[in-house]
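There are two complexes below, and they share chain A, which is joined by chain B in the first and by chain C in the second.
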Partner chain A sequence: MIPQVFLVVITDPIGSICMFARFGSIGEWSMERILLIYSMAITAFGLAETFCRGFDSFPYKMVQNGEFDRVLLRPRSTVVQVMGSVFHIHRAARVLSGCIAIAWCLWQLQIPMTPLKILFLLYSLCGGMLLYMGVFIWTSGISFFSIKGLEWIYIFTNGGYQVTRCPMPYMPRLLKNIFTFLIPILAVSYYPASVLCGWGEPLWKGLLSLPAGIGFLSTSLLMWRFGVRHYRSTGS
Partner chain B sequence: MAQIELKDISKHFTVSERPKGNHAAFRSLFHRETHRVEALKHIGFSIEEGELVGYIGPNGAGKSTTVKVMSGILTPEEGECRILGRTPWRERASHVANIGVVFGQRSQLWWDVPTQDSFELLRDIYGIPANLYGERLGELTRALDLEKLLSIPVRQLSLGQRMRCEVAAALLHRPRILFLDEPTIGLDAVSKLSLRQFLKEENQNNGVTMILTTHDMDDVEALCSRVMTIGHGRLLYDGTLQELKETYAPLHRIRATLQENVQLPENFPKGILRWELEGKTYTAIFDSRSTPAHLLISALAKLLPLQDIVVEEQSVDEMVASMYRSLDLS
Partner chain C sequence: MHKKDRYKKEEKTDPGGRNPAAYTDYKSPKKAYLAIFRIQFLESIQYRAAGLTGAATSIFWVLIQIVVYTVFFTYADNVSLPGVSNGMSLSQTVSYVWLAEFLLLMQPSNFNPDILRKIESGDVGIELCRPMDLHSLWAAQNAARAVSPLLWRGVPILLAGFLPPPAWRLGPPASPLAFLLFLVGCVGAWILCFSFSTFLCVVRLNVPWGNGPCYMIFLLAMVLGGTYLPLQLWPDFLQPFLLLQPFAGYTDLPLRLYLGTMPLSDAWLLLSLPIFWSAVFLFWGRRLMHRRLKTIVVQGG
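Moving on, here comes the complex of A and B:
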C-alpha cells in the first residue's frame, strides 16, 4: 500500500510538471512555485487524512447500517471515536512525500531556511491540517441527512488540494473567493508560501492559516453536532 | 424524583417511498415521495429505582425507538426525558456513562478481537479503575460462566455465548440502569433460563433498574413486576402483569382427568361457561372474576369421579394476542 500511495502522490501533479517542462514558466510562475503551494496543501491534507480517514467510510460503514448507535452509547466524543475507527499507516506516505517536495522546492527556489521560517512552515501546516480535518468532518456529516450519491463531496476532500495547482493570478475570481472565504484552502497554502518566499503578500495574510483552520474546524464540529441530532438509526 | 421520567415524548421519521416500475424509478430521480411515520406519540411514564419493567408491543410499535430515545441515540421532536436527572440527548456522554444497553440484534462488542480485549477496551472507554474492573469482571465471569469464552474472538461465539458476553459488557461499568432490547431473541431454552436468572439476581442484589423489551411473554412473566404496552406509538397499558391478566385474560380453564368413563349430569355448577369431554379428560372454561376456582372444584368433586384436576390460566401469549386484537393493534 505504501508504494502505491507514493505512486499516486508522484503522478498526481505530473500533468502540471510536464506542461511546465514543455513551456517553461508562466510569467513569474515557475514550476517550483506551483509545486511548493501544491505540496503544502497536500501535506496538510495527508496529515488530516492520517487521523480522519474514519470519516471517509463513515457514511457507509456507520450511518447506513446503524453502527453509529454503538458510538453514541459510549461516554466519549463521537468525533474522536469515528476518527479512531479506521487508521491507515500508509496514509503517512502522502505526508512524507509532501514534506520531501516542500524541501526540494524551497531548495530550488533558493529560500534560506531560518529556524523562524521552519516554525512558520509548521504553523501553516498545522492550520492546513485542522482545515482539512474540518472538511472531512462536515462532508461525512452530510450523511446524517442523506446517504445517497455522496460522491460529489470528493470535490472538497480529495479535490480540495488540486485547485492549488492553478497559479493564483490566473485563477477565476469565483474560485479564488470560494477557496479563500468559504473553504480557506488558499489561506493554508498560497498565502503562507508567498510570505515564506517573499512573493509580495503581507505577513498577516500568511499568519491567517491557523485561525482559518481552527475557525473552519469549529464550524464543521457545530455542523456535526447538528447532524448527530438528526441521526435516525436503523430499525431492529 | 423518579429515576426515569418521560413526558410527552414524540418522534417521527420521514420515510421515502417509491412505487414499483421503471417509470416511477425515473421520476424518483427528480421528485421523492415521502410520508411521515409517527413512531412515538406523546409517550410518558416514570420508573423508580430498582424496578424491572417489561415493555411489550407488536413489531413496529415503537419499543426500540423508545429505548433509543432513552439511551441518547435518537433525539425526539417533542417532549422531555430526564434519566438520573439528565436529558439523554443533551448530556449524552455523562448520561451513557451511567447506563448499560444490550441490543439482542446488534453486537456491542468488537467482532474480531477476543472478548477479553473487548472488555479491556470498554474498561478504558468507561475509565473503570483497574481494581474495580478486576473485581467486577470476576463477579460477572462467575455469574455468567464466561471463563472459557474470554479468549475466543467474538465472531466465533455462538449466539447464546455472545449474548452472555454482551450482557457482561453492558454491566462492566456498574450502570444503575440497564436497557435490554429483545435480549432473549433466538436463544435456546437453557440460555434463556440462565439469562433470566442472572438478570433477576442482578436486579435484586445490585438494585439495577431494568427495562426489557421482548416478544417472549415468558420473559415478562419470569422477571417483570410491571408491564407497559405500546402500540402504534402510544402507551396503552401501564400496570402489573396481574391486572393485565385480569383485564385481558379473565377466563381460566379447569382440566380434570376422570377415573372412569361417565355419563355427564345435566345440571353443572353455575359459573361454567362451556365444557367438553374427550375420553376421560373433562375441560371447563370459567370466568375467574365472578367464580372462585375452589368453589367450582368442590362442586365438581361431588359430581364426577375425579382423579386429577388442574386449573390453568390462559397463556400469556394468548392474552397478549387478545389484548392486541381488542386494542386494534394486530
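Moving on, here comes the complex of A and C:
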C-alpha cells in the first residue's frame, strides 16, 4: 500500500512537470515554486488524512448500513469515534513524500533555512492539517442528507490542491477568491510559501494559515453537529 | 435480479435438469450475456443525481486544467520556440481536455465492486455453477459498467463544453471524416477499457493479496492513457513508446483523430492498436483464467 500512495503522489504533479520541461518557466514562476506550493498543500492533506481516515469511508461504512447507531449510543464524542474508526499508517506516505518535496524545492530555490523559518513551516502545515480535517468532516457530514453521489466533494479535497498548479498571478480572480475565502487552501499553501521564500506577500497573510484552519474546522464541526441531529438510521 | 428470478423459475419446473427444453435461454449464450449487460447497465444509470453532480466535478476540473494550459501556452518562456508544443495548439489542447474528461468515464479506476466482492468472499464458486463462461460474464459486466456513466455524467460534460466563450470551448473536429474515425476510435477505447479491466479481474483472481498492486496498475494505465496530459506533450524521446504502449488507445489515439494532430493516412494504425491490445488482454486473460480455474481454491464456507 505504501508504494501505491507514492505512485499517486508522483503521478499527480507529473502533468505539471512535463509541461515545465517542455515550455520552461513562466516568468519567475519556475517548476520549483509550483511544486513547493503543491507539496505544502499535499503534506497538510496527508497529515489530515492520516488522522481522519475514518471520515473517508464514513458514508459507506457507517451511514449506509446503520453502523452509526452504535456510535451514537456510546458516551463519547461522535467526531472522535469516527476519526479513530479507521487508521492507516500507510497514509503517512503522502506526508513523507510531501516533506521530501518541500525540502527539495527549498533547496533548489536556495532559501536558507533558519530555525524560525522551520517553525513557521510547521506552523502553516498545522493550519493546513486543521483545514483539511475540517474538509473531511463536513464532506462526510453531507452523507447524513444524501448517501449517493458524493463525488463532487472531490472538488474540495483532491481537486482542491490541484488548484495550486496554477501560477498565482495568472489565476482567475474567482478561483483565487473561492480558495482563499471560502475554502482557504491558498491561505495554507501559497501565502506561507510566499512569506517563506520572499515572493512579496506580507507576513501577516502568511500567519493567517493557522487561524484559517481553526476557523474552517470549527465551522465544519458545527455543520457536523447539525448533520448528526438530522441523522436517520438506514439499518435494520 | 431479473436473471436470478428466471433461474429460480426454471429450477422449479425442472428440478433434475433432465429436460433440455427448459434451458433454451442458456442454449443461446449471446442472449444471456446481453441480458447481463442490460442488468448491469440499468443498475448503474439509475443514479441520475449522482451522475449530474459527478459531471459538475468533471467540469470544474476541466476549467482548472484549461486555465493552467492557457497560462503555459501564453506566458511560458519557451513558447515561441519552434516545436515546443509538438504540433498541438492551445485550442486543440482545450478540446482535448473536454473530450478526455468524457472518455475518462469509461476507464476503469478500480475493480467492478460486484466482481471483487465475489473474488474476496469465494462466491466465484457460485458463479462457476452458472451455465455460462465466467470470463465472458465478467467481460459483459465490465463492458456495461464502462458505458453506463456516459449518459448522465458524460452528456452534461459535452454540453457544457459547447457553452463557454470560444477560448474555453470544445472545438469542432478537424473534418467530417476525422469525426467518423474518432467515433470508431471511441468504440475501440471502450473495448480496450473493458478488456483491460476484465484482465485485471483475472489477475486479481490469481493473487490473493492483489488489491494494492492492481490499483497501481489501474492508475498507471490512466496516466499512460493521456488523461493527465496529452501524450504529445510528454518528453519527445518517449513519443514512440507512448504511441505503441497498450493504454494510448484509452484517450489519446481517438483524440488525435478528432483534433487532426496526426495525418488521416495513419488512422489505420491509430484504430488497430487498441484492437490489437484488447485482443491480447482478452486472450491472455482467458488463458490465465482457465489455468487458474483448474486448481481454484474457493475461500469461505
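Heads up, the rule we're going with is that the second predicted complex is superposed on the first by the 234 of 236 C-alpha atoms of A that agree within 3 Å, B and C clash if a C-alpha of one lies under 4 Å from a C-alpha of the other, contacts with A are read in each partner's own complex, and residues count from 1 in each chain.
Methods note: a residue touches a chain if its C-beta (ideal position, glycine included) is under 8 Å from a C-beta of that chain, and two chains touch if they have at least 3 such contacts.
What you see is a predicted model; the values in this text were computed from it and never measured.
Once both complexes are superposed on chain A, the partners chain B and chain C fit side by side without clashing. Of the two partner chains, chain B is the only one that A:70 touches; chain C does not reach it. Within the superposed three-chain model, A:171 lies in touch with chain C and out of touch with chain B [touch as defined at top]. Once the two complexes are overlaid on the shared chain, A:31 sits clear of chain B and of chain C alike. For chain A, the partner with contacts to more residues, out of chain B and chain C, is C. An angle of 80 degrees, to the nearest 10, separates chain B from chain C at the C-alpha centre of chain A in the overlay.
Of the two partner chains placed around the shared chain by superposition, neither chain B nor chain C is touched by A:99. When both complexes are overlaid on chain A, the residue A:233 reaches chain B alone and has no touch with chain C. Once the two complexes are laid over each other on the shared chain, residue contacts for A:162 go to chain C alone; chain B is not touched.
Shared-chain residue A:19: touches chain C; no touch with chain B. In this overlay, which is a superposition and not a single complex, chain B and chain C have their closest Cα atoms 5 Å apart. Applying the stated touch rule to the two superposed structures, the chain B and chain C interfaces on chain A have no residue in common. Residue ranges of chain A in contact with chain C, taken from their complex: 1, 3-4, 7-8, 11, 14-16, 18-19, 21-27, 146, 148-152, 154-155, 159, 162-163, 165-167, 170-172, 175. Residue ranges of chain B in contact with chain A, taken from their complex: 13, 60, 64, 68, 71-75, 89, 92-94, 96-97, 101, 103, 105-106, 108, 125-126, 181-182. Those residues of chain C lying in contact with chain A across their complex are 47, 49-54, 56-57, 60-61, 64, 67-69, 71-73, 75-79, 84-86, 212-213, 215-216, 219-220, 223, 228-229, 233-235.
The residues of chain A lying in touch with chain B in their complex are 66, 69-70, 72-77, 229-233, 235-236.
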